[in-house]
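Notes to accompany the following structure.
Chains here go by letter, A, B, C, D, E and F, matching the order in which they are written, and residues are numbered from 1 within each.
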Amino acid sequence: MKKSVFMEEMDAFTYREKLAKDAVVFIPVGALEQHGSHMAMCVDAALTKAMAGATAEALTADTDGALEGIVCSAINFGYRSQQRSGGGFHLSGTTSLSGTTIISLARDICYSLIEDGARKIVFMNGHYENYQFIFEGAELALEKASAEGIRDVKIQLLSYWDFVDDATIQELYPDGFTGWDLEHAGVMETSLMLLFYPDLVDMDRIDPALYTGLPAELPNYDVLPIVADYTPPSGCLSHPGASTREKGIILRDVAVANMVIAIEDEFSGAGDFHED
Amino acid sequence: MKKSVFMEEMDAFTYREKLAKDAVVFIPVGALEQHGSHMAMCVDAALTKAMAGATAEALTADTDGALEGIVCSAINFGYRSQQRSGGGFHLSGTTSLSGTTIISLARDICYSLIEDGARKIVFMNGHYENYQFIFEGAELALEKASAEGIRDVKIQLLSYWDFVDDATIQELYPDGFTGWDLEHAGVMETSLMLLFYPDLVDMDRIDPALYTGLPAELPNYDVLPIVADYTPPSGCLSHPGASTREKGIILRDVAVANMVIAIEDEFSGAGDFHED
Amino acid sequence: MKKSVFMEEMDAFTYREKLAKDAVVFIPVGALEQHGSHMAMCVDAALTKAMAGATAEALTADTDGALEGIVCSAINFGYRSQQRSGGGFHLSGTTSLSGTTIISLARDICYSLIEDGARKIVFMNGHYENYQFIFEGAELALEKASAEGIRDVKIQLLSYWDFVDDATIQELYPDGFTGWDLEHAGVMETSLMLLFYPDLVDMDRIDPALYTGLPAELPNYDVLPIVADYTPPSGCLSHPGASTREKGIILRDVAVANMVIAIEDEFSGAGDFHED
Amino acid sequence: MKKSVFMEEMDAFTYREKLAKDAVVFIPVGALEQHGSHMAMCVDAALTKAMAGATAEALTADTDGALEGIVCSAINFGYRSQQRSGGGFHLSGTTSLSGTTIISLARDICYSLIEDGARKIVFMNGHYENYQFIFEGAELALEKASAEGIRDVKIQLLSYWDFVDDATIQELYPDGFTGWDLEHAGVMETSLMLLFYPDLVDMDRIDPALYTGLPAELPNYDVLPIVADYTPPSGCLSHPGASTREKGIILRDVAVANMVIAIEDEFSGAGDFHED
Amino acid sequence: MKKSVFMEEMDAFTYREKLAKDAVVFIPVGALEQHGSHMAMCVDAALTKAMAGATAEALTADTDGALEGIVCSAINFGYRSQQRSGGGFHLSGTTSLSGTTIISLARDICYSLIEDGARKIVFMNGHYENYQFIFEGAELALEKASAEGIRDVKIQLLSYWDFVDDATIQELYPDGFTGWDLEHAGVMETSLMLLFYPDLVDMDRIDPALYTGLPAELPNYDVLPIVADYTPPSGCLSHPGASTREKGIILRDVAVANMVIAIEDEFSGAGDFHED
Amino acid sequence: MKKSVFMEEMDAFTYREKLAKDAVVFIPVGALEQHGSHMAMCVDAALTKAMAGATAEALTADTDGALEGIVCSAINFGYRSQQRSGGGFHLSGTTSLSGTTIISLARDICYSLIEDGARKIVFMNGHYENYQFIFEGAELALEKASAEGIRDVKIQLLSYWDFVDDATIQELYPDGFTGWDLEHAGVMETSLMLLFYPDLVDMDRIDPALYTGLPAELPNYDVLPIVADYTPPSGCLSHPGASTREKGIILRDVAVANMVIAIEDEFSGAGDFHED
């Protein structure tokens, strides 16, 4: 078997050895969701898994092996896509977990890892709508661990795009940046897909007739049932046209580097986030 | 009995008459949460109730009575306070509902109103952390109504501060605005409390020794269990010192006016949000 | 800020000081429910909050400050109104929580207070139908606390009307008393509202055409779906005509005094209920 | 196979024939709970099953077969015994369902019968603490049926002791009656056990040393965790000494006759409860 | 009271004495389910209760009283009957618990026994479809016990038919055995009913016109909604014609003897299953 | 983008076109679970996904495109591994969902696909322990769909190994076959992994010291907490030594061919399973 940071590609004995060294375990949380006609529907799950893999590797490298990284299987499904960040859960192809399901799922997986011996856990989110439910699941896992007398677990929760810094944003979005919520199927996600999964992107399928009204102008509130007219016809919320593999590299490198810092801040004895 | 938009101050027969005119029913969702030493713990619930009352009245006035407003009892308790928007749920005085509880609560109350005959419902949120759970509860209420064959309900979900426009923000925060998440117990909430509940604010209790490190610098991620050191000693995330009743009036007037527009966009036949 | 026993009117630092003295924390549980045409719909929540406030104050006075009282925000919503005690949940204006929601709500709030440090908790019920669900929620909070190693919590559960003694009942109901279940919107609730919230009562709205068939004669069983004909047209189960503010004072004074005794029996070291 | 009203003793084909005649289906709900040293622990389940059987037979007889009765398997387990009506759930031998479990159980069984074709359902309760949870389960079953388009179901909920009239109470309790809640393992239950299951009663095991402090004097509130001292040493709440098989016959006959009237009131076309 | 292994026929004081000797407590889990026209619907619950009783008695005899057996009330209702093992839950007379209900029920009852002091618990299953849900309920009870610091509980889960050995199968099914799943209402269950409850079997009601197509040929998958045509008209999955009381005796004796061995393997200090 | 049957590799517009042709949608359900030292932990999820892909393609080919196949993202996590079929959930690396979580997950995903327009759904299971929970989730999805008025959905539930016929078993297991439950990490799974994911198998890591006691002899019951000694040291339940890629081809071909027949039986108008 090849060497891998992914639990899915690791046998149990190897996993146990790594975990015995107090490895950081990443749980990527994505979604199966429409991303226009130019990208496959795996984007949120696949990118988060790839970013978690890159971060796990970088973490080990940066700490000279002091902090090993392991990436758990991705949660492939996410919370109901909301119109202001994913086009809406009414769109066919967008698969939705209810709130209590994703809470339970996050809790169970996190608690399983704790039972395995993991004490340093990072939930990496890649679907905007998931965050609050993962937070709740993580807290419930901690409460269950605490009831079992396990009180030395630390969980970090983050969304990878929050680690792209302002300088990079200004460089990659010279015409202005409309916010991560509107980046659904836009330049960030498309560029990262061109980097990690080029076979699952087809820039030629950016049909101008469909890709209009972008970036989407959406109300500063939600409506239920969803008003279908508010979502642009492509299902994308901003235009992916300017995406390139090179931008994908920049985004990955910046985000991974900053995530490594944040993870070390929390999980190495050396300090905490206030010191940078 | 005095005339009132609040269900709590209305007898059932009056309520039924109003509802028969297809009134818009507001559900204020707040929290019972520490807000430093200078304000009472009711802030999120009390302000949201007050803002909903003001909006209900303004809606009726603006539509010449075509759209009446009714305000349901407030949900007094909110989701676990998070460190980046409320200082954290570890703080004594901060009362926390778990995710599934607030989802169920929002669903049951919303569905009860639908059974009463309400077809135009506005969830007004006043505690940052609640939003996703209210959204889920509203969707579940709609699903239950739909199973009962009731398919003409429309629900609008909003947080009142999102209706303070950029011009007002620039005016009220001349030194820069750090975001609504950090406004926990800051100028917005304090100014509105000075307007609506002056007896529950005591600007003299803004103790400099306690009110340091503001605005708080918080990581761009969450950690569980909460790292108490990340929260400033007062529990406030930005400094309330510049708060005044006058700012409260401005904030109320701007937010109410913009909410009325948004509500009319959705609930009067005249148009939708795209047309403004 | 004024001095207050209500958490909603207290800042977090003051709350922590009080709690450090092992204060008794009251959780008022009410409902938002039709109460005829002569009273506002807040009765169950508002009266319970007021009674809890009066009891908290009396407790401190009676013990010379040895036992301080704090009143948490009220649970504004209650379990489905039943026909034999509230007229039925089919009536518009009556808002219903499902059983699991009120259980979870009672559990979460109670557990939050325990986490804050509260060890002496009184659930004061003011909506007949809530009792069993609050009991379950309290037990679940205790189980959660116990799993966390917190085993010194004591919870007292009561309904305030159970503390009106027989002598008072005979005095206030000279023509016979039909039971607390039928007291929905009758003399007890109306008299207390005339005392605590006179603006929310309008005795002139006791329309004889509507207020007939009282006290209601109801079967000694329940039927689902509710048979609307069994409920009197006003929604009241007994006639409020004889209500006065003076009776409100008597009811409050008797109930508060007896509750104070019961609370001291349980929470002061001096004795227990068997000794009186 | 012998002829029987009990589903447990009936083959499915016979059941279907009966149900096709729009039979009334009874669901007995009991408990497995300590009942002192003089009775077996099945009392609540066994008596309710027996009373339901007697009522089902009497119903058929009284209506000349127009209304047939079927008795479903008993729910053998009940809600946590409370100190004021069952001695408390801390007592060994008392088996407790949590609130949500008994709600779900009542819902599922009731809905299964509806799916079978039952449209006339009687929940007969025999464990004081169960009532509110059964009520909720019944309502949830109706909601599920309604969502499936089944809207002609009627459910009656009752506790059999509520059908013992005042004259009988005065006759059987010449020294005064302390209420059904305190009748736990007292004269009513013991007399009925002597009638229906004499092998499961042993009047010689009424040990005076154990059966003291009866009827129990209990507070007018609950305490959690349970204060064991409040429960009499036998676990009974009133004294069973005066129990006889003859009293059992009287109790059965009166309660059954009155239940038959109530059931006919609701389920035969002839009238409703107001007319008697 | 007669001496009995059944909790239902035992008073609480006797139960406590037995439990104090570290008795093995059996929880029989059955169903209320159609079993053709020749048997009553109680089969799964009634047989499992009888087998548990026989096993409890044999256990005490075999260990000379070292291991006493107690049989808890049966869970009378089971998981949705599946077409391949029970004919399907669409059949009238078959009563279905949803998955979460049976999980909760198993958890609560098991945990109640643990609270009583039981440390040796055997779940005896008699309805094929229940097994996985009981397993989950047992695990949840253990987790709750563990959170309370109770960590010396052991639970054994078994289905009684798995203890009929191959030699017996060959003897009783000379024409070949089609598997326990197809034994629904076949020779095993009918023979045991003829032994334990002869009044609830009527071999004359094996109508050839109805009892055709047996043993049923069912697909190696499930379909939902159930395809009614796949179930034979009688609802039985194999033919009960060759059933006799004598076969019932053999089946009982073999299964009980083997269960006693398995229970001693796990619960007596003498050894474990590997040693036989 | 390449042509693919996998939703994860398909854009939403292509998906909608396929679904408009009433495609069969497969939901693979696996687990993340230890599989000895010679295989990666993804086995159950990865193989099921691969088998679903092969079946989807074969279905389209066999029906000349009349029935298209789409494969949803895999459920990567499964129910608690049981000792008799997976070695036990106490083993590190084995990740466990609780029963209610996997029920909810199956329900939500299935219902999402139904909302997308899918009417022909196949749950393909690849982790022995999942089956009953998936069944429940599928039924709940159908109930929800039915409440929404959608009543033309058909769901088929199967485990892929059940489609390996007896002739193949005899051919591949010349020394006798011990049942699919014991095939955990044995010849079937290892051979299929050698076919589909050769990089994730390492036959050299079959360490004789570890791979002893195979096939495992396990009791015919379960014990909780798990008795670790009952599981062989490798975590495998049968020996994978005889595995080859060629056997993988045979297994895949036979199972896929038989699954295609079963799927056509249910989903093409041509007939049903009885006719073969």
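The rule is simple: contacts are C-beta pairs under 8 Å (C-beta built on N, C-alpha and C of every residue); 3 or more make two chains touch, one makes a residue touch a chain.
What you see is a predicted model; the values in this text were computed from it and never measured.
Looking at subunit A and subunit D, the chains in contact with each of them are B, C, E, F.
Touch-path distance (fewest steps) from subunit E to subunit F is 1.
Using CA-based centroids throughout, the chain positioned farthest away from subunit A is D.
Where subunit B touches subunit C, over half of the residue numbers in use are shared by the two copies, so each contributes mostly the same positions.
Centroids of subunit C and subunit D (each the mean of its C-alpha atoms) stand 29 Å apart. We define each chain's centre as the mean of its Cα atoms; on that basis subunit A and subunit C are separated by 47 Å.
Looking at subunit D, one finds that residues 98, 100, 147 touch two or more other chains. Of all possible chain pairings, those that touch are A-B, A-C, A-E, A-F, B-C, B-D, B-F, C-D, C-E, D-E, D-F, E-F.
Partner subunit C is touched in their complex by these residues of subunit B: 1-2, 7-16, 19, 32, 34-42, 45-46, 72-77, 91-98, 100-101, 104-105, 107-109, 112-113, 115-117, 199-202, 205, 235.
Against subunit C, the residues of subunit E that register as touching in their complex are 144, 147-148. Residues 79-80, 82, 98-100, 103, 129, 131-133, 135-136, 138-140, 142, 154-158, 162-163, 217, 219-225, 227, 229-230, 262, 265-266, 272-274 of subunit F are the ones that touch subunit E when the two sit in their complex. The touching residues of subunit C, counted against subunit E in their complex, run 143, 146-147.
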